[in-house]
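What follows is a group of structures, each given as structure tokens.
The two complexes that follow have chain A in common; it is paired with chain B in the first and with chain C in the second.
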Partner chain A sequence: MGEDAESPKINHTFLRDYVTEADVISTVEFNQTGDLLATGDKGGRVVIFQRETEVYSGEYNVYSTFQSHEPDFDYLKSLEIEEKINKIRWLPQQNAAHFLLSTNDKTIKLWKVSERDKRPEGYNLKDEEGRIKDVSTITSLQVPILKPTDLMVEVRPRRVFANGHTYHVNSISVNSDGETYLSADDLRINMWHLGITDRSFNIVDIKPANMEDLTEVITAAEFHPHHCHLFVYSSSKGSLRLCDMRASALCDKHAKLYEEPEDPGSRSFFSEIISSVSDVKFSHSGRYMLTRDYLTAKVWDLHMDKGPVETYQVHEYLRSKLCSLYENDCIFDKFECVWNSSDSVIMTGAYNSFFRMFDRETGRGVTLEAWRESSKPRAVLRTRRVYTGGKRRRGDVGVDSLDFTKKILHMAWHPAENIIAIAATNNLYIFQDRVNPDAQTQ
Partner chain B sequence: MNCFPLTFFFLDKPIDRPETLSFTLISISLMKIHNSRTQRGGIKLHKNLLVSYVLRNARQVYIKEKYAEIYRMQQYEEVMTVCNEIQELNPLELDAEDTEDEDLTRTEPEPVYYRSCCMEAPLPSPCDQLPDCCCDAFQCAQSAQSPAKKRKMDFGYCASDLDDFTTSRKRLKREDCLYSCQDFTDTSNISNLISIFGSGFSGLLSRQADLEQICSKQALAGLGAWTRAIVAF
Partner chain C sequence: MEVGAEAKRIMVVALGKLYSSRTQRGGLRLHRSLLLTLVMKSARDMYHAAAQEEEEEYNGVVPRCDPAQVDSNNTTSTSTTTTQTVEPSLEQVSDSFTQPEPMEQTFTHGQTQQSRKRRGKISAVPDFLPLKKAKLDCPTQLVVLVDYVTCSDLGAAPSPIPVPMAIAAC
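Here is the complex of A and B:
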């Protein structure tokens, strides 16, 4: 599919081979209309982009930036708490203001993003500069009037949901009821009310009585897009558990367990690592789930728990490199995966600034590259190929030439249009499909 | 995280000796666990759990391969001994030797295949044929590399009698070298790490059945201390 590239909006100055750790983008999320795009980075900052509304297919410009989380310290355990933003989730918009949840390893915060384009003028007790007037000089009363002013975007923390998690928070998900959300760490999932910060309900607890018996952890969790009582969580063993909150208060017992039997012929030292699910996403329809493990992306039908209905090989050529990838820690990279708005295409990231899209109808995949040299404005992204044998074409990249430091872990797809946001280390790329700008329902 | 750029693709080249790969993976895994203690943000439970799986897998392969090697060596030695004796003896006494040979031959259990990431390593499990030799066998394995001297590689396996077992546990706790130190810069902290991580990871030992085929219970008890994993919370 042909796509045009829009120029990257941040970090135009290219730091040659050195990237400030704090600038590395750690999460990307569109809001429900797609007009706003939020990114979080390792330095605890959130940058919000807004789409130009006057122009059709407008570009995204920086709307607001704020420091969401600061480095913290757990004095009891003598542990430093990273300020890295693990996830951002937007709340459905209910009024003029926008709300988003951002989380680091321990604390979730609710932020209100509002615009101010008017200011009151004509105070009785203060002058124009804000200085208190001498009361004796006031001879008459006036009603302050609102005058237009330059647009100001204010971001204020409205709630801080702290001390809910002993382990590292990996997911947050807003419920379709608009009132609650869940947060998941390695061993527990809590449910919060957006208005209540001093308590949460624990709905899943897989911590064994004896930690020596630990065999799996929770890796991701998400509420169903339509059914407010259903949520799914994935595990490090590659299984998915669908839970129904109507069944009981504590959803340790799953309503449905989705797992694929292991192929004994492909067993290796790293079988457990590569089967760990790094991300799970419900389709917009709510009928399917998309999971990502180290080498594949899988589509699961909620009605079928025996195995995925579709499996896509993202970078199978890495299977023979697992030892090295284990040594340099790349095997622990957690790739995200996303659906397009019509659930007909899935997308996920890879190495060497490559990301892959798979058309579910044809089963075919395409490899694209998020790299500034090939991303001039209006340029069409050309497809790339990793050479794995056979006839070598010009432009093919050898497996040993892949740059494993350039990894595409985080990405987002516009909820209604064919616009994608790709985070490549400290750069954000926003691409739009010029051929098919609007999503087509199939 | 520590990177090993010089060995980026080293491990994926074919390796002649399978136990080298599993041994390397064991040392890398322990190093990762050790490094995670000083990482910013605290110990990552998920990552360390996965590392402990690799550790367990590598250990299983390493033990099996070692025993296979020992078994082969022992068979060779016995064959050579018999041959030497035959040369010296009257041919009429050969029946007695044959009987001894039969005792040594036992039905092999079904081989347990364990493919490394880059090569297959089908292995027999001869260990139930050598029920009380795990420690001796292990020491043989060490001595195979340097026959003259006893290496200081102590996994705490030695459990041929209770005293040895206790002694080896104490050695572990006293932060002696776990390995021959070529892969560690701070081995005292490694063994310290293992003992801090505490007792048992029986949840991972769902493959306990495999292990019990391989090792005697005594040796397994000694192994347990070494295979303990992440209980730091």
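Here is the complex of A and C:
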């Protein structure tokens, strides 16, 4: 993507600007140590990156690639099932192998990622190519020995959790108990045991008896990071529901409902669309929740259900453009949001390859750009600004110049360090904090 | 009527999107369909409110003629049935909705008195909503659909939908 200024003779831009739909990254996730980073794309592939361990502030290199999901077909409903990977979640590591869950709209799969750096050699009955030897030629007995070989990363499917969802799966979340996980679709949330594929427990069901009475859907769900009995789910109406699985088998009745009363002054045609929560994440401490709706990111205190404790305007300048954004479908974009390791900074994406970070202590926000042409590798990211009035500075971008096809929807923050992974369409950007581990930006 | 025109435009866009989502890969997206339906209902209520308001203004000038309440009620219910595919119930939408100007009456009751002249304009089924009967020649509807496509000033415009297909959707 982008123009190449160094080849004026042959114009390849039309080729470069063409992005294969299948290469669009649809999810990004670090594992619990941050050494591995997984991305899923619309073509159903998963790419795992591994951090170099020998070097301080090592870079991430491709570790393994595999096809997780294939396009499928529901014969009963005559519907295609997309192979796009909606979410990836890593399991906590228990042995040398790594496990991750990946899901498309309907099926969740558990993958085992393991390394092999030795192979047996010197078989008694097989030759070097693996062909069975003619028995009459064997005159001695030899026992195979393990010899070091080039590192091979093997990825094998260990479980397939199918047929659990009628609607489209939007979230998966591994429980802190290490044994179970939840998967959520538009109307239901199921709880699975990692070892059992033919059965799951339905823990939330908001499907009305008459579908014409439908007023809200589930948009995201997550288990609490420490309490294995608690989980939260967000709705298209902008509310959050905290559920306690100890209360009853079916958690339709929430333990706590988090809702902000609507501001009647800001009511418009699109109020329902922009209040729909696209992502919810617990803080590492487990005390707060972070939500993202179309124009804002909000921090909620678990102890206070009357409203968020902090609200951050991500791109308020779009409020007057909602009609156009509705026409070109951008208003339906689902942005993710993430916490940093110490829960002091939150980050979320925007348009024009911009993403925003907010320092919770100062309340200040900064805009950064994930765009190859404006930053060389190892250069310090400079902050950007969208011009919304007042004195215009050099480098400011006007609202009407924003490229709405360049959206930053998916991102991840390293669990311990200031390293972020940003997915920009088919490119993955990894930014590291070099100067000062406490400062998140220049 | 600026508000009415905007509401009409939004409704047409919503219908177009709902229709095209049926053929998209991966099946009908419930969340998106729900949001579109909510927008459409918002816009429809706004449109009716604007139309009612205009009606009231007009009645203030012209002496009232035959009450045509029954017709107007039928109109409202016809519009409801044509867009029923993924519709939630009516009540919740009107509740928190802020009217452009304070309105005493609710929509289901309609106008108690209407002039004969106004009837033709308001009580007929709005021309931009698809009818149940297949219509081959609808230049009016085609204009409305294409109009907002060219007016869109951000990003890619949705592809124009052939009129007979849009009607068949409902």
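Here is the rule we go by: the second predicted complex is superposed on the first by the 421 of 442 C-alpha atoms of A that agree within 3 Å, B and C clash if a C-alpha of one lies under 4 Å from a C-alpha of the other, contacts with A are read in each partner's own complex, and residues count from 1 in each chain.
One rule holds for everything that comes next: contacts are C-beta pairs under 8 Å (C-beta built on N, C-alpha and C of every residue); 3 or more make two chains touch, one makes a residue touch a chain.
Nothing here was measured: the structure is a model prediction, and the numbers come from that model.
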* To do: Considering only touches as defined above, state whether A:V309 meets chain B (first), chain C (second), both or neither.
  => neither
* Asked: Looking at the overlay, what does A:T219 touch: chain B (first), chain C (second), both, or neither?
  -> both
* Looking at the overlay, what does A:M152 touch: chain B (first), chain C (second), both, or neither? -> neither
* Asked: Once the shared chain is lined up, is A:A162 touching chain B (first), chain C (second), both, or neither of them?
  -> neither
* Considering only touches as defined above, state whether A:L322 meets chain B (first), chain C (second), both or neither. => first
* Classify the contacts of A:E262 with the two partner chains as first (chain B alone), second (chain C alone), both, or neither. => second
* To do: Name the contact category of A:A22: first (chain B only), second (chain C only), both, or neither.
  => neither
* To do: Using the superposition described at the top, list the residues of chain A that contact chain B and also contact chain C.
  => 74, 77, 79-82, 84, 105, 167-168, 186-187, 211-217, 219, 236, 267, 269-273, 276, 321, 323-324, 326-329, 332, 400
* **Contact set on chain B toward chain A in their complex** => 1, 3-5, 7-12, 21-22, 25, 28, 32, 40-42, 44-47, 49-50, 53-54, 57-58, 61, 113-118, 198-204, 206, 228-231, 233
* Of all residues in chain A, those that touch chain B in their complex -> 74, 77, 79-82, 84, 105, 166-168, 170, 186-187, 208, 211-217, 219, 236, 266-273, 276, 319-324, 326-329, 332, 400
* **Interface residues, chain A side, partner chain C - complex** => 74, 77, 79-82, 84, 105, 167-168, 186-187, 211-217, 219, 236, 262, 264, 267, 269-273, 276, 321, 323-330, 332, 400, 404-405
* If you look only at chain C, which of its residues touch chain A in the complex? -> 6-7, 10, 13, 17, 25-27, 29-32, 34-35, 38-39, 42-43, 46, 84, 86-89, 92, 96-98, 148, 152-158
